[in-house]
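Both of the next two complexes hold chain A, though its partner changes from chain B to chain C.
Now for the complex of A and B:
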């Protein structure tokens, strides 16, 4: 489990987080959402020990990430947004990294590459941006770390590739050869493109400038908020958005009605009603 | 498994660095190895230059040593150029190995592998050049110079020679080499861009400052030159040489240990 307590972080004088506390439970695929510049990447970097908090603590299981203990590092992998590759092939690259990871699975890598339709023997330089991104994703997944942090993984992917991305991520948890729930991979996907990961993530964490606005599962969200798809705007709505054929209203769920969570509408509702959302979810 | 040092993990880091070694430093190494061939060719085509200094094994060994120092200067900024880069350095930082293992591998490649690899390659090339039949400007194998203790001693002659024997110059050279290598390892971690030019600039500045200091010292020393007789002068010179060389030991030891420690610390504390 990842536990963040009273964490402060700033770049020189620019505060990014002030006293934030947050938990990421094991075995889930978290969606880390937020506008550009709220600190999604910084939070991922703190979790994997690339940035150090000014105050407060961040713990991943029994490890303090900033100590960069090798046992901690062999169970976490961070895939940055920017595609940076060696002048080599994905095949050589993954084997170069794989020796460090005890659960590395080369045959799984080959299967993923096949599924993602990328040639593992072709040099990175000869691959398109999307292919490079998919190859790196296959490398990251095949290392089979307990924690996988993906920063804007769908940026630059075409529509079929986004679908493939969702497929392999969903399969990843299932294909992990373990019955121990504590060993199931925890994936955190940071993105501002919520539609790309809508049917993939659960729970959702919404970050704002220096605070956590929401950290809840879909079940919790749908029990507290009602997503009404109708012909008219609702007066009670925290957020309303026009859609083809009507409106979507995000309303406090007073009557415990079931509805399908629309992540984009949720995000905007949270963003526009920060105080109210906190009240709703803290009760 | 120890979290600070594990031989298997260290082996993995050494293997990881080896895979990048020829990719990032291979061409530089080849160019540095090709330079003695260029020199030989220059001498071969200009045999009438009569510059015997370069033809002699001592002179050639000197040139190879200078080129080896050049290789040691360049290797950190080529092989580990990205380790402190905010974007490209992430993979290195996240590599499941301890900072100590990463540092020791860096030390191995910068201080041991590169000079040995260069000297072996260069000596081999020089030996091949010597074997070329015909009007060859090279005579004798440079290889023999490694075992010639005269070469590794500083050129102190005459009455000061016993002083030079006394202060174990080969060991002094090893310390000086370690200090030299540690400077480039440290500045490679310190600077993010233009690593070599910044280091050379700083060294030049420090060199000029040191020269000014030495010149001032010499001027002061010449002031009481007339007050000593020849024996007193010789004793004083011997004393001065001992001070300089023993001071050199201490300074080189301080430079290498402190800079190597700070390099290790930078690996540990570098943020991205």
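Now for the complex of A and C:
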């Protein structure tokens, strides 16, 4: 489990987080959402020990990331948004990387590359942007770490590749046993491309400038908010969005009605009603 | 799996499994896919699939055998049909009847349709 408590962080004079607290529970695929510049990447970097908090604590199980204990580092991997562009091949790269990770699985890497349709022996600088992203994803998964932090992993992927991305993430495990729910890794996917990962992520964390607006499972969200798909705008709606054939109204769920969570509408509802949302979810 | 836009995903997976039991893809006593396998098959977070399985279990359509997995219960088919009939009678049929009335379709015409 990742536990962040009363954490402050700033770059020189620009405050990114002020007194934020949140938890990431084990074995889940978290979606980390937020507008550009709210600190999604910074949060991932703090979790893996690349940035240090100014105040407060970040713990991952029994470890404090900034101590950079090898037993911690060999079980966490952060995949940045930026890609590698030099003249190594994914095959060479992953074998160099794998030395540091005891669960590293080369044959799994080869299978992933096949599934993602990228040639492992082709140099990074000869791959398209999407292919680079997919190759690096395969590298990251093949390390089979308990914690995997993916920063904007679907950026630049074409439509079939996005579907492949979802498939390999769902198939992914710390071990090769696909029946065991208890051995699922903890994955955090930071994204603003909500549509790409809508059915993949649960829980959802929404970050804002220096605060956490929401950290909730789909089940919690649908018990607190009702997503009404209808022909009219609702007066009670926290947020209304026009869509083909009508409107989505996001309404406080007073009558325990069941509905389909629309993550884009949720995101906008949360952004436009920061205080109300906190009240609704803290009750 | 293609999902409908407005129905909770966990309910759609629930109905998908009910459908597989009704059409004989799963028979009484069969072990159904694990939560993990189903999540991969339909491309959805395992937590969502877990909710579908919990619903199936609460309605006695599947039974959780600890350490083994989920099996189709003895009267799964009857339970599903009963539920779907109830839903049809209460929600869909009134709409159909409304249309019969709107278009002035007689009982005789309906009888003919059913017989053919």
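In the analysis below, the second predicted complex is superposed on the first by the 271 of 283 C-alpha atoms of A that agree within 3 Å, B and C clash if a C-alpha of one lies under 4 Å from a C-alpha of the other, contacts with A are read in each partner's own complex, and residues count from 1 in each chain.
To be clear about the criterion, contacts are C-beta pairs under 8 Å (C-beta built on N, C-alpha and C of every residue); 3 or more make two chains touch, one makes a residue touch a chain.
Here the structure is a predicted model, which is why all the values come from computation and not from measurement.
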item: Partner chain(s) touched by A:201 [first = chain B, second = chain C, both, neither]; value: second
item: Contacts of A:50 with chain B and chain C, given as first, second, both or neither; value: first
item: Which of chain B and chain C A:99 touches, first, second, both or neither; value: first
item: Which of chain B and chain C A:110 touches, first, second, both or neither; value: neither
item: Partner chain(s) touched by A:280 [first = chain B, second = chain C, both, neither]; value: neither
item: First (chain B), second (chain C), both or neither touched by A:184; value: second
item: Which of chain B and chain C A:64 touches, first, second, both or neither; value: neither
item: In the complex, chain B residues that touch chain A; value: 1, 3, 6, 9, 12, 15-16, 19-20, 23, 87-88, 90-91, 93-99, 101, 268-269, 271-272
item: Residues of chain C defined as touching chain A within the complex; value: 3, 5-9, 11, 34-37, 39-40, 43-48, 51
item: Chain A residues touching chain C - in the complex, by the definition given at the top; value: 28-29, 163, 166-167, 170-171, 178-181, 184, 199-202, 217-219, 222, 229, 258-261
item: Partner chain B, residues of chain A touching it in the complex; value: 45, 48-52, 68-71, 73-74, 76-78, 80, 82, 84, 86-88, 92, 96-97, 99-101
